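Take a look at the structures below.
Okay, so chain A shows up in both of these, paired with chain B first and chain C after.
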Partner chain A sequence: MHIKPSLSRKIFMACNYTFLIALGLLCVLPMVHILALSFSSKGPATAGMVGLWPVDFTLSSYEYVLTKPQFLKAMWITVQRVVLGTSISMLLTLLIAYPLSKEAKDFAFRTQYAWFFVFTTLFSGGLIPRYMTIRDTGLIDTLWALVIPGAVAVFNVILLLNFFRGLPKELEEASFIDGGGYMTSLWRIYAPLSLPAMATVTLFTVVGQWNEWFDGLLLMNTPEKYPLSSYLQTVIVQENLTKVTADQAAMLAEVSNRTFKAAQIFIGALPILCVYPFLQRFFVKGIVMGSVKE
Partner chain B sequence: MKKSKLGLSTLVMIMAFSLVLSACGTGNNAASNQGAADSGSNNESVVNNENADPFGKYDSPIELSAIRYVSESTKFPNGHDINNNVWMDFYKSLGINVNYKWIVTGQEQYESKVNIAIASNDLPDFMEVNEEQLRQLADAGQLADLTDAFEKYASDDLKELMSIENNALPSATFDGKLLAIPSTQPVIGGSAPLLWVREDWMEKLNLPDPQSFDDVVAIAQAFQSQDPDGNGKSDTYGIGLTKDIGLATTSLGLFNSFEAYPGIWIEKDGKLEYGSIQPEVKETLTKLQEMYKNKLIDPEFGVKDTIKMFESITSHKIGMVVGPSWYPAWPFWDMVKEDESVKWKSYPIPSVDGGTATVQMPFSVSHYYVLTKDYEHPEVIVKLANLYYQKLYSDEAEFDTYGQVIVDEVSIGVNKYSLVEVVNPNKDLIRQQELEEALKTNSDAAISSSETKIMFKEFQTFLDGTNPAGWSGYVANGPDGSMRQLRELNDQKKVISNSFVGAPTETMADRKATLDKLEQETFVRIILGEASPDSFDDFVSNWKKLGGDAITEEVNEWNASK
Partner chain C sequence: MLAKKFRRQWPLHLMILPGVILVLIYSYWPMVGIAMAFQKFTPFKGLFGSKWIGLDNFHYVFALPETGQIIWNTIFISIMKIGAGLIAPITISLLLNELRNELIKRGVQTLIYLPHFLSWVILGGILIDILSPTNGIVNQVLGWFGVEPIFFLGSNKWFPYTLVMSDIWKEFGFSTIVYLAALSSINPSLYEAATVDGASRWKQTIHITLPGMMPIVILMATLSLGNVLNAGFDQVFNLYSPQVYQSGDVLDTFIYRIGMQNAQYGVGTAVGFFKSIVSLVFITTSYALASKFANYRIF
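On to the complex of A and B.
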C-alpha cells in the first residue's frame, strides 16, 4: 500500500535533504580544497587563488613529499603503531569485556572491577603524572609508549560489554553442556557473533591511533621517531611571526609552501579514508545493537 | 546501590590521599637533591679560579646533557644531522661532549615540552627557556649562578655585545645573581615597522610620496577607488591589516604614527606606564574606525592572520601595508618572481603631524640559556656564547665553516646547529651600512663579516642582472632599502623598545592573558564599528580594575630597584 505524502511532509523532507546535503558539503569541501591545493603550483596557491579545482595542475608536490625521507619514515611508524596498537587494544578489550559482561553471581567481584574501570574514565592523573609514569617504566622513546598507555579504552569495553549481554545466554549454556569452558565460549561463540561490534571498536581504535599526535611529541625523544600525525603537526603549525629576525624570515618563506603542506595532509588522511567505507557498514549496527537489552 | 556509592567515594578518597602522599615524596627528593647540589657547586667555584681562558679547552672532556629544538626550516648537508655536524665536532674538539636528552621539531612544541620537563623535574644540564620559564626556574632555585663565570670567562666581544642592549643582563639577573645568558637578537630588522607601498600603483595613479598620515589616508583612498590594477573592478583595498591589532607589526606601525605604543611599557613623567591604555591609542582607533567605514582597510581583516593577509597581498588586492624590513623576502618576492612590473617600496612610518614617527620594537631578548643548579662547570655556558660570537662575527670568524655553507648551490645555515645564539642587536644595521659603503667603492675590503661579503656578491650579481632572486635582499639592504631607513631612524633615536624587560611580574603571570584578550577584543570591535571609540575609556578602567593597577605598581617597583 502506498501512502501519498502530504504537502507538509514533502516540505519537511525537502528541508531535511537540503540541510543534510549542506552538512555533508561542509565536511567534504575542506578536503576537496586541500586536494586542489596539493595539485596546484606554488604561485596561485600562495596568492589564494585555488578554490575547489587545481590551478596550474602539477604533481610536483607529491614528488617532493614522496621522496622526503622523514615523511616516509613517519608513515611507516604510524603503520606499525596502528597495527600493533589495534591488535593489543582489541585483545585486551575482548578479554576485559567478556568477564565483565557476566552477572555478579558468576563473577564475584564484577561490580568492583567494573567501577575500577569506570573510575579511570572520570578521573585521570593528568599530563605530568602520566609522563612520569611512562618515563619511569622505561617505555619512553619506544614505539611501546604509543600503544601501551592507551591500550584499554574503557568506552570501547563498555560498548562491547553491552553487545555481549545482548547475545542469547542459551548459546553459552549449550557450549557448557557440551563441555566447553569460558575460553571456548569467548573465542568460539562471543567473538564470532560480535563481529559488527568488534568492527566498530576496531575502527575507533584505528582512527584514534592514526590521529593521535600529542603523545608522539611528548614521548619521543627525537623527531625521527615521530608518527605521521606528530610530524604533520610540526609541519603545519606556523611559527610565531612577530618574533622572527630578518634572516629567519627568508628561511620561513621557504617552508611556508602551502602546496607541500596540502599534499602531506592529504596523503596522511588517505589511508583512513580508504578504511572507512569498508568498516562503515558495521558501524551503525555495532553501536545500536548493544544498546537494547532484553 | 547505596553500598556501591559508598565504595566509590572511599575509593576516591584513597586515590586522592595516595596522590597527596606521592606528591610529598617527590617534593622531599627534590629538596634533598638541591641540598647536595649546593655543596657541589661551592667546591667547584674554588677549582675554577686557576685558569680563565674564555675559549679554553677542557683537558679531561666534560659531559653536557642538553635539550633543544630544530626548526622545520633547518637543513643539513648530506650525511650530517643534529648530533653530527660542524658545531658538534667543534665542541668535541674542545672537550665538551654534548648529549641531547631529547630533540623536538618546532619552537612552540619545544616550549610545551620544557614546561613538562620543569613540572616533572626532569631537567637536563643545559637548555633554552623563555621569560616565564626563566622566572619559574629562578624562583624554584633550580638554576646555576653564572655571576662569577660570566665575570671571569666572558670574552671582550661578548661583554661588549651585552652592553649594546643594556637591559639584556639585568633581565637575566635575580636578586643580584646572573642566572642565564640572554639570547640577543637583531629585532630591529625583524620587527620595527615601515610603510610598504605598491610603487607601480603609485606611479600609475600619479600619487605623491607619503609624508604624513593624511597622505597615507589619501593614498589608501586612491588605491581603493581608482582601480590601480586596471581590471575594471573595485576589488582593491588601501591598507592590509591582520586580526592581531596591537600585537602584530601590521597594526603597531599605524599606532606609532599617532605616538601610541600598545603592548609595551613607556616612560611618562618619570614613571612607567602601559602603552595600550594611553589616550593616543583611542585617537588611533577612532581614525582606524573611520578608515574602515570608508572601506580603506581590508574588510575581512578581523579573520585574517599574517599568512592570510600575505595571500591578499600576493593576489594584488592590497596596495599598502605596514610591515618589518623583511617583507621583500616574504611575501613580496613571490609576486615579483611572477610579475616583474610589481614594485614595492618602503617608507619610514609618517607621523600624524608630518615627519617620521618614532616606532616601536620588542625587547631584543626573548630567550635565555640556563644551566641547572647541580652542573659542575658553570663557565661552559659562557664559553659556548664566546665561541658562537668568535666563530661567526669576530675578527677570527670562520663564517663559511660555522655560519653558512653552500652545498649544490643551496645555502645552508649551519649556525643553527649551535647550542647558543648571541647576535649583535644592531647586526642588520651594520650590515646595511657596510653594504652601502661597498657598493660605493665597488669593493668588499671594508666589510667586516664574511656573511656580509656573501651578500655583497649577491648584490653584484643582482645588479648585473644574472641573479634576479637577489631582488629581495637588495630592496631590504640596498642603498635605498628598508634597513637603511631603519638605520636612520635608529640614529635619530626614533626606535624605542619595551622599558619593562625580563621575567613577568606576579600579577602579570596571573592576569596578563585575560587583560591581553580584553585589549584585543576592544580594539578589534572599535575598528569594526561594533563599539564606539568611547568604549575605550571603559576598557581602560576595566583594565585597571582587573589587575592592571597592580601590574603597573609592580613594574614601577621593578624599575626603581633596577
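On to the complex of A and C.
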C-alpha cells in the first residue's frame, strides 16, 4: 500500500534533509577549515582570510613541523605505545574475558572475580594515589608508564565476554573430548571465532592509545619523553609552560603560529581519519553486540 | 571434591592471574593510598612515614573561598551536559529515522560519528582557533550578521555554555547509535496497522515510535546520573584558562592543579576522595534504578 505524501509531509522531508545534511557538514567543516589553514601562507592565515580553501598554497608548515626533531621523537614514542599498549591490553583482555565467560559452576569464584574487576569502574583511588603508585613501581619517565597501568580495560573485557557467551558451547565440549584444555579452547576456538569483536576492541584500543595525552603529561618529567598527543597538547593548547627550558620556549614561541598549529592539529588527527572507515564498519555492530545480553 | 575441581580449573585461574595482579597494583593499591587524604603527605616519607592529621585536609579545602564555586560549576556543567546529551541525540535519531534515502542517511551518520574519535587535544586546538575573537572563523561569520566578536573561551558568561555546546558537537552523533538501534527494532507491522487505521506520520511517531524508544531512553537517563560529578576533565583542561576559572574550574581540574602542580598531595587526595565517594553513591543508585526499571545488568 502506498499513500501519496501530503504537502506538509513533503515540506517536512525537504527541511529534514536540509537540516541533517547541514548538521553533518557542521561536524566536519571545522576540520576542513583547519586543513585549509595548514596549507595557507602565514599572511592570509593571520589576517583571517582563509575559509574552506587554502589561500596562497604552501607546504612550508608541514615541512617545518615534520623536520622538527622533537615532533619526530614524540611520533616514535606514540608508535611504540600504540603497538605495545594495544598488544598487551588485548592479550590481557582475552585472558580475563575467557575465564569470566564461564558459568560459576565451571569456574570457581567467577562472580567474585567479576566483581573484583567491575568494582574498579565504580570507585577509584583518584589521581594522586594513582600517580604515587605508578611512581612507587618505578615507571615514571619510562614507556611502560603509558602502557602498563591502564592495560586492563574492564569495558573491553565485558564486551568480549558477552561475545564469548554468545558462542555455542558444543564447540568447546567437542574439543575437551578430544583432549584439548582451556588454553587450546581459547586460542583455537574462542579467539578465531570472535575476530569481529576483537577487531572492534583492537581498533578502539588503538584509537585510545593514540589519543591519550594526559598520562604523558602526568608521568613524564621531561617533554622529550612525551608521546605525540601530549606534545601536541603543550604546543597547541597550553599557553604558559612550566616544564620547558629557555631553548624550547624560544622554539615554541616560533611555532605558536596559526598555520603551524593547524598543521600539527591535522597531523594529530590524520591516523584517526585513516582508520575511521574501518572503525565505522565495526563499532556500530560492536556496540549493539556489547549491549545484547542473555 | 574441591581439590578435584581445582585440578581441572587451575588453567582458568592462571589465565586470569596477570590481570588480577595488575588491577590489584594499579587500581586497588591507589584505594589504599587514599589514606594520604588524612596525612600531611610528603613523598620521601611515603604512606607509612607521613604524619597523620585527621580531617585537616578536608577542613582546609572546604574553607577555601573557591571550593563552593568549583562544586557548583561541576554540577551545573555536568547537569547541562547530561540533559543536552539526552535530548540532542534522541531528536537527531528520530529525524534520521525518517530519511528514506539510504545513501544520504549513511553519509550523515558517517559525518556525525567522526568527532567522537578525535581527542580533546585535537578538538581543543580546533576550537581555540575557530572561536578566537580576533581572527576565528566563527566570529567572522557572526560578524556578517552584525554580531560583535564574542570571547567564547575567555568570558565567564559564555564559557560553561561553550563547554556544553562543544561537548554535544563531539558526542551527539555517536550517542545516536543506541537510539537508532532501538528504532530499527520496532516491529514495522505496527506502522502498517496504524497507516491502515489512518494515523498520520506525526501520530505514528507519538504513539508507536516514542513508546518503542522509551525503555532505552529511561536506561540511558538513569545511567547518566552516575556522571553528575564528571564535568569532563579532558575537555575543560584543554579549553580553560585562568580568566575563566570562576565559571569553568571543576573538581577534576582543581584536583590536578592543587594536588600535582602545587604538590599539596594530601589536599588533592582529599578532594579526589570526596569526588569518588559521591560518585560511587550516584553510580550505584543509577545502576540499582536501571536494574529495577530497565532490567539492566552490568555483566
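One rule holds in what follows: the second predicted complex is superposed on the first by the 248 of 294 C-alpha atoms of A that agree within 3 Å, B and C clash if a C-alpha of one lies under 4 Å from a C-alpha of the other, contacts with A are read in each partner's own complex, and residues count from 1 in each chain.
One rule holds in what follows: a contact is a pair of C-beta atoms (placed from the backbone, for glycine too) under 8 Å apart; a residue touches a chain by one contact, two chains touch by 3 or more.
The shown structure was predicted, so the numbers you read here are calculated from the model rather than taken from an experiment.
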Report task. Could you look at A:193 and tell me whether it touches chain B, chain C, both or neither (first, second, both, neither)? Result -> neither
Query raised in the report: Is chain A touched at more residues by chain B or by chain C?
Result: C
Query raised in the report: Counting only touches as set out at the top, which of chain B and chain C does A:132 meet: first, second, both, neither?
Result: both
Requested in this report: Could you say whether A:43 touches chain B, chain C, both of them, or neither, answering first, second, both or neither?
Outcome: first
Requested in this report: May I ask you to decide whether A:123 touches chain B, chain C, both, or neither, giving the answer as first, second, both or neither?
Outcome: both
Query raised in the report: Can A:223 be said to touch chain B (first), chain C (second), both, or neither?
Result: first
Query raised in the report: Is A:79 touching the first partner chain B, the second partner chain C, both, or neither of them?
Result: neither
Report task. Give one of first, second, both or neither to describe whether A:213 is in contact with chain B, with chain C, with both, or with none. Result -> second
Requested in this report: Would you check which partner chain A:23 touches, where first means chain B only, second means chain C only, and both and neither mean what they say?
Outcome: second
Query raised in the report: Where does A:106 make contact in the superposed view: on chain B (first), on chain C (second), on both, or on neither?
Result: second
Query raised in the report: Can you list the residues of chain A that touch chain B in one structure and chain C in the other?
Result: 46-48, 116, 123, 125, 127-128, 131-132, 135, 218, 233, 237, 239, 242
Report task. Would you pull the chain C residues touching chain A in the complex into a rising list? Result -> 5-6, 9, 11-13, 15-16, 18-20, 22-23, 25-34, 36, 43, 47, 92, 95-96, 98-99, 101, 104, 107-108, 110-115, 117-119, 121-122, 124-130, 134-137, 140, 169, 173, 177-178, 181, 192, 195-196, 201, 233-234, 237-238, 241, 252, 255-256, 259-261, 265, 268-269, 272-273, 275-276, 279-280, 283-284, 297-299
Report summary line: Contacts from chain A onto chain B in the complex sit at residues 42-43, 46-49, 111-112, 115-116, 119, 123, 125, 127-128, 131-132, 135, 141, 217-218, 220-223, 226, 231, 233-235, 237-256
**Report entry** chain A residues within the chain C interface of the complex
**Finding:** 1, 3, 9, 12-13, 16-17, 19-21, 23-28, 30-31, 33-34, 37, 46-48, 51, 92, 95-96, 98-100, 102, 106-108, 113-114, 116-118, 120, 122-135, 137, 148-152, 158, 161-162, 181-183, 186, 207, 211-214, 218, 229, 232-233, 236-237, 239, 242, 258, 261-262, 264-265, 268-269, 272-273, 276, 279-280, 283-284, 287-288, 291, 293
Query - List of chain B residues in touch with chain A within their complex - result: 4, 7-8, 11-12, 15, 19, 70-73, 100-109, 112-113, 116, 119-120, 122, 185-187, 189-191, 244, 247-249, 305-308, 310-312, 314-316, 324-326, 329-331, 333-335, 337-338, 362, 366, 413, 423, 428, 472, 476, 483
